[in-house]
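Just so it is clear, A, B, C and D label the chains in written order, and each chain counts residues from 1 on its own.
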């Protein structure tokens, strides 16, 4: 039998079919209004709907890890995010996340030195409420994840920040570099 | 008198304050519905409103060059776009444009070899109509213009294409590479 | 055989289950934007969606007669509307209609002396475009059809007009009484 | 001096110019999302905006009495609503109100026997959140207040209920008659 070692080609094929991974963790991005209780809550992620609305043609793999307000994230939750980023075969990952502790998760991912392009994003207004920055931010995050070199970034307010130089200004709600 | 030549520093300062130029040319992106005639028409650009909705903090300079359907663009119109891109001091430029002849303007800009990062984008549904890809596309275009090297690109459907390898598929409405 | 004449009770039962008929004829109310051609067109009526959005609990029967711009209505089309209003068992009918010739259909219905409460309504902006008066007008029309005595009315701009005292002001787009 | 008693004519003139009074008390109808705190709160009423969106041409007088969740209404608050309804010169009044205790305020108004047409309405979803019944309900309430005889009514879910035969079903969120 004549065998041929095709493993060098496998990575080519997997690259040719490599999607961008979108990991969902919740945050204001995906909150909805529950009319019976008058409270905000989580149901299903709207990311597939947003990708359709944006008429996106990028190959994506959407996976919901959790649906929580980032103020309620524990270190165990952040470890879960890091381990999914590490173990998945994709090398380009967008993570939707609550804005309040996005920088903490970014820091954990940065320190893990994963050699992948990982972009965290979120929204200040729930996508379902109409006047949302969610659609704009997801478009930006998906663009950055395709064009930035390996590293961990936060994409908010139209810009990108490296994981070790970003924080959310709690008074204004905008993201900025550390001084 | 002792003088000091500060010109080398001026470009540093202007770079530090360099905005992203957004040139508006119209297209479906900015169309509106005129209830008295029942027709679509152009009024003012919505780009400033979109930047606000996206809670954008990038320094931008918005300039309306024309408000037309790109099917009505003449070579003189395209020459105007090229000359504005050439003459403005900004080195990062987003051009909003009708999708029907976006590739023609991209080609003209590419051949001009301007040594700037220029990204064309548009929308399939008017921003004013609700179910628009405009917000998503502008977020993507602004991200690409910050992260891609000098060159001319089309940003549609979540991806970017180089000016010499793109066309709009008239049947599906999606953008794709030339085979 | 002992028989019992139940006919006097039949009308009671039918009244107990009598819905409000909603006859759809098209008009700006139901127009949509076709992104491939860039034109406005008709697909399916949005009235069921609007009733859901209004959390309506009225019993309604929705029937699409045609989906056309009222400028293209012929006398045969109007005759069809009149005959449906006459033949259906419901005594409360809302007709969605283009605003341009709504008064012509109202006049035809008024002269038919049908002894039912018939309310015509429409919209100046397509429901699908967001900034629509459609939702407001349908709420008003359904309210008027439940509370006004038998007659033919136009419900637009928050008010109601009798069929013999209404016209659309073509300059302003608003409905008014004849002087 | 020859005098002429014109008082009989005054009421004619005031009737000719009589507006519909719209009293605002808050409720889900007018809630907004505060992106910094992530909570729902009240700012200004949206009723003028809704009347514009509905292209309403009815003469209305909008007056904000309070902006609260109806669960927080006290008897003093309800007394204030009753006294404003009593003292204003208008004989047709719409009251926007939270749905949770709308029936309590309706009852208080009904027992006051004011000999005016008063219609209470509200919304299950904030107007600002897009998928709102507010626009539909206000169109209905304004229609009912013009066509129903003197009395106190609740207009929700497309219907009207008399003040002494209505309650909100807390499980379903819909309004219904008392059995």
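Side notes on the structure shown:
Basically, a residue touches a chain if its C-beta (ideal position, glycine included) is under 8 Å from a C-beta of that chain, and two chains touch if they have at least 3 such contacts.
If you're wondering where the values come from, they're calculated on a predicted model, not measured in any experiment.
When the contact pairs of C-D are set against those of A-B, B-C or A-D, over half line up by residue number only for A-B. One simple way to say how far apart two chains are is to compare their mean CA positions; for chain B and chain C this gives 44 Å. One simple way to say how far apart two chains are is to compare their mean CA positions; for chain A and chain B this gives 26 Å.
A straight line joining the Cα centres of chain A and chain C is 47 Å long. Multi-chain contact residues of chain D, defined as those touching 2 or more other chains: 124, 131, 173. Interface note: chains touch in the pairs A-B, A-D, B-C, C-D.
Chain contact summary for the complex, chain A toward chain D: residues 28, 33, 35-36, 38, 40, 69, 124-126, 128-131, 170-171, 173. Per the touch definition, chain A reaches chain B in the complex via residues 50-51, 53-58, 124, 131-133, 135-144, 146-148, 155-160, 173-175.
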